[in-house]
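Here chain A shows up in two complexes: once beside chain B, once beside chain C.
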Partner chain A sequence: MDRVYRIGIDEVPKRLNLNDCEQLRLIFIVMPGVSADIPFEINIEKEGVELEILGLYLSPHSERVKFNITVRHMVGGSHSRQLFKGIVGGSARAEFDGLVYVAKGAQKTEAFQENHSLLLDNGATVETHPQLEIYADDVKCSHGATSGYLNPDELFYMRSRGIPEAEARKLQMISFVSPVISHLNETMQNQIISRL
Partner chain B sequence: MADEKDILAAAVERDYSEGFVTEIEQEFVPKGLNEEIIRLISAKKQEPAWLLDFRLDAFRKWQQMTPPKWGHLSRLPEIDFQDIIYYAAPKSDSDRPKEIDPALQETFDKLGIPTGEREVLAGVKSKVAVDAVFDSVSVSTTFRRTLAEKGIIFCSFSEAVREHPDLVRRYLASVVPVGDNFYAALNSAVFSDGSFCYIPKGVKCPMDLSSYFRINASGTGQFERTLIIADEGSSLSYMEGCTAPMRDENQLHAAVVEIIVEKDADVRYSTVQNWYPGDAQGRGGILNLVTKRGLCRGENSHLSWTQVETGSAITWKYPSSILLGDNSSSEFYSVALTNHYQQADTGTKMIHIGKNTRSRILSKGISAGFSENSYRGLVRMNPGADGARNFSQCDSLLIGDNCGAHTFPVIQNLNPRASVEHEATTSRISEDQLFYCNQRGLATEDAIGLIVNGYAREVLSRLPMEFAVEAQKLLSVNLEGSIG
Partner chain C sequence: MDNLLEIKDLHAGIEGKEILKGIDLSIRPGEIHAIMGPNGAGKSTLSAVLAGRPDFSVTQGSISFAGHDLLAMSPEERAWAGIFLSFQYPIQIPGVSITNFLKSAVAAKRKATGEPELSPAQFLKLLKEKMALVKMKGEFAKRDVNVGFSGGEKKRNEILQMAMLDPVLSILDETDSGLDVDALKIVADGVNALRSPEKSAIIITHYKHLLDLITPDVVHVLKNGRIVATGGLEIADRIQNEGFDGING
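Let's turn to the complex of A and B:
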């Protein structure tokens, strides 16, 4: 089941308990112009849960966005995957604070967490705290975080083939956000692409 | 698994081989901490007025501060700072004896630390200059003459205060300010001895320099202060080791290390920390709460931290680098092993200020028994750090299902031309790996040693030779009895 939350438009629950065997995909979208503090906590209390949390934040002006995502594996045998991507420019500030907690005895848990952000301008700030707190040994847990800029080599490649700079940059950004927006419907995809 | 357990049970009985106490006449200052005690320590060391003022200023700052609580260290006890003896020194007739006391000599021999130059010259040990610190004072420094010929100053901190006051005054607290944190302020108020090292312009230090710290007296704390200055174009490899007797009480170790690296200079700082970790039930052990920081001040300067942390009941330690000079670089390589009830919260900070600065972090945590092992780190790209890069990798290995492994990195990027990459994984020694080794005739214990050493190899290979051998042994030995 997919649930899409447009921050500032849809109401977001603060806390979810998963005690049914289920597949769930949550998608958080923060559009340009939206400042928000998004605390979200999810407890997995049943084996066999497949949880995916995706997030996208576009903050090109002076927004303040803060995600505070906690995923708790209270029992073993469940999988969770988080992917958050952000493009930050102007004087905006984006913070991602994510915790994966694996309780004692929650064996065979698999948990992955990723956060990638692009900085476009001087004055923009990105802060990331990807955290793992693990009390069981038979688990596969990892996280990755990067913060960087649009690859100048890619840009050069496209420009040397006649693509104007602005468009080339847009293509780069589309490819950056596509792992998240590919799960959205076409209307929303177009809406996001037009705002890049 | 039954016979495996037997082997392990036997191995757990292993003693901490450095846990003996040396019977030696020592002098102490009274227990507790107040201005009088600080004046007394300062007077005992015949310090100039400016240093006493420095201490008193630090003490007043410290009084306003509270101990940091953010570490993931549930077993860190409330420390009663009035119940500690802040100065303990082996009794000796003169300030610095010409002959090292035989009992002390024996202690350091037992620990395998060469305090005499003879056996080194005879080729028994490799050539390393050692500054040996026993409780609150430095008892011997070797190879001073050889080093002095090159203009290198390597001596105890107290001696540096007497003989090179200008250098000390210029650099002291220039990297770790007095009020930096609670324990650094405490150290600044009561620090006793430590090593001082100055490498002049363009000099490549001909041998590894080393400090060896030993806590002996009961009820005391050790507060050493190390100051290393590498002037333009110089290079230095520095090693630090430490041990303490086995006791039921917790003893406090709050050190400050400051390193200044000038233009084109290169400093490698290696630590093998083997303080007494407490017994299998978690009684006693050293509380290791230290502040280490290096400043890469000049262009193209380079500082590398390598640490192997196997001891201490509590470790709270974040060797950090401030990359101020353009094109400067720093690395942090760490292996932290916790067993039984040990808790470690360790990591690094890389602050990128200069252009094209680079840093690399490689941290390998191993937790076993009921221990907790956390990596905590900060990578910050300042607005001026154009072209800066960082790559961090933090791996955790869990052995047994009663321990915890945690990763708490912080990444702050304020520059659109800087890039930061971080990755972390958590895993355990799989049954397949063990089966593979067993099948080829390796006992489970040996197999674990092999796998852990392989896991930590990338860090161990950065250590100077004799340290690498010691560290490998420590890893295998400290893990004995960790799975069943």
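Let's turn to the complex of A and C:
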């Protein structure tokens, strides 16, 4: 099951308890011009759950976006994967606080968390605070975060094929957000691509 | 006939380090020139400067291409004018399929040169035809550009792009490096199929092998940023037997 939350449009629950479903994908979308604090907690209370949380923030101007995501594995044998990607420009600021908590005895938990930001301008800021709190010993958990500018080698490769610079930059941005937007319907994908 | 490419006293480098120290090179329409040389001679710098890679700077000299001042043109303008560089290390672009990449590239070039836009059906027909040239199967076009490609697939993808863009001057920067015999033959066949009396090419290589498959009109030896010898295939034979050490012009 997929649930898409467009921040500023859709109501976002502050907390979910997962005890009846097997598979859930949550997608948070923050469009340009939207500033928001997004606190969200989810407790996995059932074995065999496959949870995926995806997030996209497009903050090219002066937006302030803050995610505060907590995933708690209260029982073992479940998997969670988080991927948050953002494009931040102008004087915008994006912050990602992510806590993965694995309760005592929640063995065979797998929890992965990634946060990647693409910076468009020197004045843009991103901050990422991944945290793992693990009280079980037979688990696989990891987190990773990167931030950087558009890859100049990619840009030159495209331009050398005659793709104009502005379009090449846009293709790079589409490429960057594609792991998140590929899970959205075509209308939403096009809405997002048109705002890059 | 006028030269297609005319390089005069070209000095260029990167990050303040001079790599090319006075290159003179003229290429007429239809000619294939091979540039051979040891590592660090400046072969890749020359190809990067011709394609307009922004991190390289030209400190002296001029390059004229089909009568235009090449150095005043952006990389995309050079592509529209008919220059194509086959990269030694093709770049991965995750999330962008070969089809979409080539659609953007072909559309931009046709727009810039005043040719009518291709319909989706026309584009796919052209793509299919050119993919056959480098023996690529249809599903290949759906893959992200160079992501997870083998060495041979990357180079065939370069030649596919070359075929789709139909350049006047193709620069093959060590297209043969890392290729097995079969992949090398596919690449060479692809290049040979695109030869015409108007089209020229620069083939940069360490080895004579590719030149046995694509016969050059002229062979140059580049050492320490200068062309130290120019002649025919016999130079490639000498390099094959004696190495680059013996060639000093």
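Please note the rule applied: the second predicted complex is superposed on the first by the 195 of 196 C-alpha atoms of A that agree within 3 Å, B and C clash if a C-alpha of one lies under 4 Å from a C-alpha of the other, contacts with A are read in each partner's own complex, and residues count from 1 in each chain.
To be clear about the criterion, a residue touches a chain if its C-beta (ideal position, glycine included) is under 8 Å from a C-beta of that chain, and two chains touch if they have at least 3 such contacts.
Everything numeric in this text was worked out from a predicted model, so none of it was measured.
Quick check on the superposed pair: does A:Ala145 touch chain B, chain C, both, or neither? Answer first, second, both or neither.
first
Give one of first, second, both or neither to describe whether A:Phe156 is in contact with chain B, with chain C, with both, or with none.
A:Phe156: touches chain C, not chain B.
For chain A, which side has the bigger count of touched residues, chain B or chain C?
With both complexes superposed on chain A, more residues of chain A are touched by B.
Between chain B and chain C, whom does A:Gly105 touch in the aligned arrangement: first, second, both, or neither?
Touch status of A:Gly105: first partner only.
Quick one: is A:Glu165 in contact with chain B, with chain C, with both, or with neither? Answer first, second, both or neither.
Only chain C is touched by A:Glu165; chain B is not.
So in the superposed three-chain picture, is A:Pro130 touching just chain B, just chain C, both, or none of them (first/second/both/neither)?
In the superposed model, A:Pro130 contacts chain B only, not chain C.
So, does A:Leu119 touch the first partner chain B, the second partner chain C, both, or neither?
first
Between chain B (first) and chain C (second), which, if any, makes contact with A:Ser178: first, second, both or neither?
Second partner only, chain C.
Can you name the residues of chain C that touch chain A in the complex?
51-55, 74-76, 78-80, 84-85, 87, 90-96, 100-101, 104-105, 108-109, 112, 161, 165
For chain B, which residues are in contact with chain A within the complex?
381, 383, 396, 398-428
Show which residues of chain A lie in contact with chain C when the two form their complex.
The touching residues are 151-154, 156-165, 167, 171-172, 174-179.
Along chain A, where are the residues that touch chain B in the complex?
104-105, 107, 117, 119-149
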